[in-house]
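Consider the two complexes below, in which chain A is the common component and chain B and chain C are the respective partners.
Up next is the complex of A and B:
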């Protein structure tokens, strides 16, 4: 199957005050049409930069971003705009992602106005109303403004806007993280339904491993701009290979306190500007040996569809300590 | 068991019929609507709820930080002393010395222009507990207790030089340095990474247990309070709808909202082949609250009576529940 989108050895750096922050460090990934790929990582892992790079919103310092086989860096403005129709993004804070002066209906219909300018106003309105209804909203909300909607309905409207031009890829950047638990469940269900109905590919970015598990069939783990593990859902959650993946899983708060005894791992103290020679996780890793500080571990394929960047993966250190 | 010990001792914190009302466009909004609770020395109470529950307004009211435009009625007593209507100067003296507070965002709760050391020693000086070299020694010891790496260096650093997790450790140190009897922590780990959260919660538990401090922990996450609190109170639309020993509330919830909240949580072993058990509708916004039970509009079990009368919080099994149609033990998850 040909890839819908791909990152190839992507490096993205931010510069300021004479310093260079490498947000993404040789990140490669492939998204197949209709696939649901999860990206997990904590603050500073580069997950939001990854989302923006995929949509062509930040430039690559090295490597390539491909969509439908085309290299985004080589495309002209008109071509890029045409391509953008095939992708959409949903952000964490729905209220801030809408123009406060526009009605919900105008905001949701905006992608159509851009990508299908020939469409008559009435036809556009009808498409907006149909999609609002599909996302569980009263079509009459089209006349409202974003501040009149609470978190859940506002995120439903953001999903309607993302879906309206029938994209092939929707990037969800912490799209349910700010929602109340009871509402979060509704939005997760809606995303699952829409994916089943439209066959749209999802790149689901979150710090919440339980939410990612529900939505993604394959998961990529980022730590300080590097891919440390990528695996099919079943393998990643049942038998993680990287100590950082293990730490993330053990840190998920549980209702049964006895089961949530996460190993004590030192907090992050290194500056994000520091470039390590070795593994980026070495300072916090309970299994680190001297070589880990000296050699950057390559991302090695360890099983079909599963790759891990850890010098000690063969010893099963992360899998065993469960 | 718990009742014998508790009834023989006076509670440290006793809140009775507390209401906090804000002027609204049409009608006043009751953010907190008749809440009563008690907290004993050395015990911890988790206050859980979603947006609009009123849990943060409740947490702000205890140390006297309710916004000035709000109307506060009822009673908040700390070791017998009435705090509702107390003089601002008295409340200022209580904050830090008797009541320590930790809020969600350590980057805004810390003063950006003062060193970590100054912010710690100021608390001691303000409450005349220690000055000069003695205060500095106490500050260093406190930073070591919250396991801040390189504590000596940190004394001279500014908040922006620390990561979010380390800043929250500093906040804990500031909240606890004057050995308050009560610590109020409002979403203390919500802004932190998941791998940092576990460490902060563990630390909080250790610090309050070691000192016999009472803890009021406010969170939207049942799992956060589950690991830390003896008792849980679940709030919805300004009222406590269920309370009791943590284990009982989590394993045998009687209120449909508590049960719904537990079922809606995604976990690492949630089934993948069925939709997530969501609660329909949305938490109440700033608009007028419904008559009767606040949860009735979203409740599958609601009776006609639920929409007309507010159910009282009544004793049931091990705890208390405010519901006309509570779950029977056999129905519980």
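Up next is the complex of A and C:
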């Protein structure tokens, strides 16, 4: 398997007011062509930073970001722009991701205008109209401005923009989180269909585990900038190995009240600036032992395609109470 | 976009002043530098068709004041246009580039800011001829600094917006992003600021001309008309009041218009 994109021991830090916030802490991941990888974690876990680093929108402080075998940091401006034809991003807030002064059609067609400047305007319009139709929109919407569209149609247009230059990787950063639940399902289905048709790889970032379950064949769990667990979808949802994954799964609201009897976990209180010597989750972990506060758990491969960063994974602490 | 009533009233006043400035002199039998030897320093009235009176040399104040409005507005308008082009270009580049380039460019603006302005203008008028063009140059040299700051700040804010990030992620080159996404979205605040700049620059021009550094006799500008009027203030108050009324009407109207535009173009509704 040759990787389409990869992060290698990536560290991204933000500095301000003399403090350093480590948003990503030695994160490694590999995305295969056509794969769909989910990334979950709570707010502030570094999900969006991971998306932006993968697209070269934020610079790596250490480690490497590879796309198609090329290290993004070593590319010149023009080379990086050319590479960007092969990737795209869909943001959480569809209305904000369109220029308020441009028509939807111009925004959707912009990647084409940049990467295929030889294409005549009429041909570009036709491609935009065809793709708008494919994403379930009336091609006449091309003449509208973003504020005239509501969330669902706007996100469909954002998907059209992401797909128009036929990328190999589309990063969806909370792409359905701001939408109505009924609209969410439609957008998720659209993404699944487009993935099947075009063989595009998806990196789907969300705090909503139910949505990730529909979309991703492999899931990566981030906690405070660290990968705590990576697993194939079935393994992760059936038998989580990390206590934090357990917590996330138990936090999914259920219509059956007594379904979850997981131990109560205190909310996040630690400052994002604090660096922990041991496991980042130690303060909230119901299974923490003394060693957890002293030793940072390495990400260990526990099964084919499955890795977890927990000192007590062998005891199955997170899996057992399922 | 809907303007509040003070702004709409200001628009009417501005329209009347502009129409007068452009067409009014045609209605009068006099022109700006013509002397009426029979009627020097006459008060406003119908005598000899000097509707707003004459100055010490018998020149018609109606025509001269309107000429002054034209000159002052032209200088302020042109200087605003220059500050618009320079300020938007400079500010947008600094704001978009960010980091060291931004710091360097904005420190240069700070240095220009800290130059003693009147001293700078005096130097300029000594070195160059005292013509409207010189005044225009002096005003333009300073007018763009604030515009550059406003635009730079606005651009920093825009740069954080997702649609800019989307364009970067799509591989759009930086100059294209600036031209197609940043500058059009600056239009609101820039329009408001420009509208508020014009009256400031009219006052600046008047101030310079009042001090004798600006537009020179026999050419008329609101500033040098005020200067002459002030000398005759006790004997012939209309010589001060006439150009003064035009100045106040123009500046106030532009001010109200700018405020109205700012409210109407609230960035949250853009």
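Points to keep in mind about this one:
Simple rule for what comes next: the second predicted complex is superposed on the first by the 319 of 322 C-alpha atoms of A that agree within 3 Å, B and C clash if a C-alpha of one lies under 4 Å from a C-alpha of the other, contacts with A are read in each partner's own complex, and residues count from 1 in each chain.
One rule holds in what follows: contacts are C-beta pairs under 8 Å (C-beta built on N, C-alpha and C of every residue); 3 or more make two chains touch, one makes a residue touch a chain.
Only a predicted model underlies this, so the values are computations on that prediction, with no experimental measurement involved.
Three-chain overlay on chain A, with chain B and chain C fitting side by side and no clash.
After overlaying the two complexes on the shared chain, residue contacts for A:192 are found with chain B alone; chain C is out of touch. Of the two partner chains, chain C is the only one touched by A:114; chain B is not. In the superposed pair of complexes, A:85 makes contact with chain C only, with no contact to chain B. Of the two partner chains placed by the overlay, only chain B lies in contact with A:211; chain C stays clear of it.
Within the superposed three-chain model, A:317 lies out of touch with both chain B and chain C [touch as defined at top]. Panel annotation: after superposition on the shared chain A, the angle at the CA centre of chain A between chain B and chain C (CA centres) reads 80 degrees, nearest 10. Within the superposed three-chain model, A:161 lies in touch with chain C and out of touch with chain B [touch as defined at top]. Contacts of A:169 after superposition on the shared chain: neither chain B nor chain C is touched.
In the superposition on chain A, A:96 contacts chain C only, with no contact to chain B.
Contact comparison for chain A: of chain B and chain C, B touches the greater number of residues.
After superposing the two complexes on their shared chain, the closest approach between C-alpha atoms of chain B and chain C is 13 Å.
Looking at chain A, you'll find no residue that touches chain B in one structure and chain C in the other. The residues of chain C lying in touch with chain A in their complex are 161-163, 165-173, 176, 180-181, 184-185, 187, 270. On chain A, the positions that touch chain C within their shared complex are 52, 55, 57, 77, 80-85, 87-89, 91, 93, 96-102, 107, 110-111, 114-115, 161, 165.
Looking at the complex, you find that chain B touches chain A at residues 50-51, 149, 163-166, 169, 193-199, 201-202, 220-224, 226-227, 250, 260-262, 264-268, 270, 272, 275-280, 282-283, 285, 298.
Chain contact summary for the complex, chain A toward chain B: residues 42-43, 150-153, 180-186, 188-189, 192, 207-211, 213-214, 237, 247-257, 260, 262, 264-269.
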